[in-house]
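Pasting the structures in now, so scroll down.
Two complexes are shown next, each including chain A; its partner changes from chain B in the first to chain C in the second.
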Partner chain A sequence: MERLAPTTIATRRPPLVRIPTDWTGIVFAVLLSAAVIVPLLVVGVWAFTEVWRYPNVIPQQFGLRFWNQTLTRADVWAALTLSLQLSTVVTLLSAAICLPAAYAFARLSFPGRNVLFFSFLAGHAFPKFGLLIAIAAIFLQLNLIGTFWGVVLIQLVGTLLFMIWIPVAAFQSVDRRMEEAARDVGAGPFRVFWSITLPQAGPTIAAAVLLSFVGTFYETEGAWLIGAPGIRTMPVLMISFINNQMVIQYGAVLSVMLWVPSFIALMFARRVIGGGAFARGFGG
Partner chain B sequence: MTDAAPAAPRPLIDSNDSRRPHGLLLVAIPVFLVAWLVIWPIINAIGRTLWRPDATGALGFNLNSYVFFFSDQYSINNLTITLWTTLVCAIVLLAICLPISLYLRFSHGKLPAYVQAMAIFPMFVPSIILAYAFIRVLGPNGMVDILLNSVGLPKIRTPYLTPWGPVIGLVWDNIPLTVLILLSGLGNVANQAIEAARDVGANRFQVFWHIILPRISNSVLVAISFAVLGIFSSFTLPYLLGPASPEMMGPFMNRTFREVNDPLNAITQAVITFCFCIAFGLFYVRSVARNQGK
Partner chain C sequence: MSVLKITDVSKIFAGPTVAVDNFSLEVANGELVCLLGPSGSGKSTLLRMVGGFERPTSGQMTIDGDDITQLPPERRPTGMVFQSHALWTHMNVFKNLAFGLKLRGLPQDQIRHKVEDVLELVGLAGYGARGVNQLSGGQQQRVALARSLVLEPKILLLDEPFASLDQHLRERLREEVRDIQQRLKITTLFVTHGQDEALAMADRIVVMRDGRTEQIDRPDVVYRDPQTPFVAGFIGTMNLIDGEVTKGRFTRAGLALDIPIPDGPATLAIRPEALDLEASGTGVAQVHRVTDYGTHGLVDLDLGDGTRLKAMVAHPDLFSAGQKVNLKPQAMAAYRDNARVYRS
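After this line comes the complex of A and B, so read on.
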């Protein structure tokens, strides 16, 4: 029997996966690295560069001078504070209204449940900027253009789909038999939710909250269209740096700085995005 | 595995209790937001551009703003460049992502894992940082020029501020989702079907054309719909990387609304983008709904 075991494993593996040298993979890896990593590396180098004149392959002088200059700019601090405030308010509001809704969609049965569940797709079934223009026209009449709460509303709508659909999947994947077992031994509904449901659904919900925070932080188009001229978030400031700022390093320093939250999100959200569930959510 | 599949989903809460509409209360605020800030703006936009006061001030059916759009050469040029960009992006995206996904589906190990990580990576790069990186690499005197110059080759004709600028940026931005959607579709292709075809002598192309493609055609359409919806009215990348004239619909709407201060024509342009994307939007919703129903 012991001799037979390796061959049964070998035959079970499809012959397709046996490629001697994975040249295709090497070509893809090299091309994708060149297209994805190199541009970001160039930005990273620019952020720590003091002098880099054209024909030189590497900068003449490295240094942190522009970090100092960027971080002492009042507009950078104002934008950073505003962006953090906006993202916090939007994420908290979104969690407060979406998580109970997600629980209801996952566990309760009520009239119109399916239609309402899919209604959150509506915002993604239209070209986004066209929809923003239509919303801006309504905000114009309500005097919400250029206000903090106008931008909060527009970004809040942008988080709804993620903040409902991902937690719904999380609540649905909780083992119902464990909940029932807990109830059988006398736990109340709140105790069941706190000790059984939340620990199982918690990580996925945390990932959804994090995604919505980071997504809001980087949200550009709504903030640009609804917020201007009064509300200048970090990405909006970046646009003006790219368009009108002669000092190249400001943009590079901001890019590297802004990259940090995105990277944290990457780490935390891997478990949500790694699975095919994410692509299925997009209809794949 | 049979015990994992519940024979009949037994509701945790007594059924007579869960039939009560108090779930509606919990979902009321998000649903209200969607109704107020998605559904209503669209209805309002269509209504406001079709029923307008005419010269005498009487409210009535009025197509003037649409007539203006389609008779204005500048608007037509912007629409044309948008359609061109969307079409080119969709073709390039498929040409890049289909081979990557096919490779990832049929390989295992560290190298494919690295390829997949690279393909998904752009999802975590905000488009504003992408735009900045693009200018530093492909812009005038950017990294590519520096490297070409160092080996004695002439500079490239930079795609920055040409119609190819947004194409490159948007393709880069859309690779992760396209790969994920195609991979998820390829997950439904059974190994046995491919092996059977190979056993009767089909070559790689025949396997792809007759076995794989029919099974993933839906995923391909979903990936295209999603990309088209995102690209057609994209704003940030065309605004930062594209030419000033003709401009894509996103920057065009933005300028009409903010700089020309003409909400009516901006909404008209928005409704026209809705019309061009409606088929893709409906297809997208239908596919997602069908997937969720599984």
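After this line comes the complex of A and C, so read on.
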């Protein structure tokens, strides 16, 4: 029998495919990065600057004098504590209210489902300040102006969209067969939700909770309009610093301080949740 | 012993769509019964009703005499293997298998023992710590099977478990599943739309169409002795020829065969392997194409009106396209009004 000649095809290199350089994409990426990073950089530099006069491009004198002055103020620490308390309470309340609602939207069919679902967009579909003024008028009659719970309520409204829409997408993307398989091996409906549905939807829901927390922490208009004068959150304090003081550094220092919670939250998100969860939450 | 009895079960979905229509079946202890039918024949709905994932509109289902018709899935002694595997991706293999045992309150060492045993059974010993996404499609399907088997269900339900696997793996897995099923003597209901799978695995096949039973028989009987033209056409390759019978003679486009049945329309069914060909210049059919498969040949033929037939031949080199041939059926059956009226 004739022996087959050893093949040389396998050792031959495939022709190199040149991937064309996407110049438009690169330009957009650079512009977007610049738009995000440059302002942050400027504020960051201002926070550590003691003297920076025109026309110098870099500050003449760096230092921590303004950090010292800011951090020794009692109202800064009070505002930071209050902001963290508010964000935690609002996020927990929002999760307690919105997650069961999101599950209902995702899994049950009931009259008016679609109208109700889209109504959560309404708060974001109109100029927010008008809505806040109207709510402030109601809160005034209810004696909620200038109170902690008044601000909680107004900030709760702002979290509804994230905390309903993203978890709905998360619950909808859980494979029903997985839940059925759990029923099949003996789990009741609540056990299925706890052991299968929630862990499967968990990372995306965590992304929603995180967005709510960070969003609430930085919320300014509601906190200012409903909270003033008694409730001063960090962003409200920062605005008053910037408005009342001619020294830029006070605002810059507070601004850098405000980055800290969101920076920690985003690092946590990257490690625990993964970028895909955000994309999935928005239907990606 | 575990016997599944389905009596007069119907399922009507909103619409109204009749998915399962007055279906009855008894699956004996240790028997593997295949529900076979095209998409929309109601076979999966029926299986889901046995598993408790759908409620029948009417009828009754019992396992060993106990009525399970209204029981939720978690209280039924059934184990289901899903087409998509449905493994819990946030748990590793061990946790997937241990979940059901934990719910039953078994002690840890007993759970570990049972999980190791079942992993051994499905050929995945030592895979407990793996994440399910690290497994191949075939391995995932084995884990899905093991997850059901570890709970020792009275009835095993398989919903097209090999549909997402490639042909080679499918053939190997179906042999393994059949071996395991016979070793454990577990009563099994198996849904498939692949006739090969049904013929290779089943003790009995239920051919379904539009939610109804067309035929329930052993695989060889379903193949050799189909009771309706649908079964004849669905199982294996079959030449189905519609024609007229007049005075005991069936005719269609020059083809004439003696069939002793009363006058009227009839459907003739001839397997390709039972259709002999005889070269003749005045033949009733013309060869369209000859395909040589090595072990045998397949000849495509056209009758005078273009009706396409297939014949299996031992020597394909004897035939060529354009050649005229006469047809000599060695065995055939005739159907009228969805029932068989003649068989030779």
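Here is the rule we go by: the second predicted complex is superposed on the first by the 226 of 284 C-alpha atoms of A that agree within 3 Å, B and C clash if a C-alpha of one lies under 4 Å from a C-alpha of the other, contacts with A are read in each partner's own complex, and residues count from 1 in each chain.
We take it that a residue touches a chain if its C-beta (ideal position, glycine included) is under 8 Å from a C-beta of that chain, and two chains touch if they have at least 3 such contacts.
Note that the structure is predicted; figures quoted are calculated from it, not measured.
S.K.: For the overlaid complexes, name the partner, chain B or chain C, with more touching residues on chain A.
M.R.: After superposition, B is the partner touching more of chain A.
S.K.: Considering only the touch criterion stated at the top, classify A:Q200 as touching first (chain B), second (chain C), both, or neither.
M.R.: Touch status of A:Q200: second partner only.
S.K.: So, A:G186: does it touch chain B (first), chain C (second), both, or neither?
M.R.: second
S.K.: Applying the touch criterion given at the start, work out whether A:L84 contacts chain B, chain C, both or neither, answering first, second, both or neither.
M.R.: neither
S.K.: After lining up the shared chain so the two structures overlap, which partner does A:I135 touch, if you call chain B first and chain C second: first, second, both or neither?
M.R.: Once the two structures are laid over each other on A, A:I135 reaches chain B alone.
S.K.: Considering only the touch criterion stated at the top, classify A:M178 as touching first (chain B), second (chain C), both, or neither.
M.R.: second
S.K.: Please indicate which partner A:G25 is in contact with in the superposed arrangement: first for chain B, second for chain C, both, or neither.
M.R.: first
S.K.: For A:L71, select first, second, both or neither according to whether it touches chain B, chain C, the two together, or no partner.
M.R.: Touch status of A:L71: no partner.
S.K.: Output check: A:A122 vs chain B and chain C. Expected answer is one of first, second, both, neither. What do you get?
M.R.: In the superposition, A:A122 touches chain B alone.
S.K.: Residues of chain A that sit at the chain B interface in one complex and at the chain C interface in the other, please.
M.R.: Touching chain B in the first complex and chain C in the second, residues 180, 183 of chain A appear in both lists.
S.K.: Which chain A residues qualify as touching chain C in the complex?
M.R.: 175, 177-178, 180-188, 191, 195-196, 199-200, 202
S.K.: In the complex, go through chain C and note every residue touching chain A.
M.R.: Counting only chain C, the residues touching chain A are 51-53, 72-74, 78-80, 82, 84, 86-90, 99-100, 103-104, 144, 147-148, 151.
S.K.: Give the list of chain B residues in touch with chain A in this complex.
M.R.: That would be residues 6, 9-13, 15, 18-24, 26-27, 29-31, 33-35, 37-42, 44-45, 48, 99-100, 103, 106-109, 111-112, 114-115, 118-137, 141-143, 145-147, 149-150, 172, 177, 180-185, 187, 191, 194-195, 198, 219, 222-223, 225-226, 229-230, 232-236, 239-240, 249-250, 253-254, 257-258, 263, 266-267, 269-271, 273-274, 277, 281-282, 284-285, 287-289, 291-292 of chain B.
S.K.: Which bits of chain A are touching chain B when the two form their complex?
M.R.: Contact set of chain A toward chain B: 14-17, 19, 22, 24-26, 28-29, 32-33, 35-40, 42-43, 46, 54-57, 97-98, 100-101, 103-105, 107-113, 116, 118-131, 133-138, 140, 153-154, 156-157, 160, 164, 176, 179-180, 183, 218, 220-221, 224-225, 228, 235, 238-239, 242-243, 248, 251-252, 255, 258-259, 262-263, 265-266, 273, 276, 278-284.
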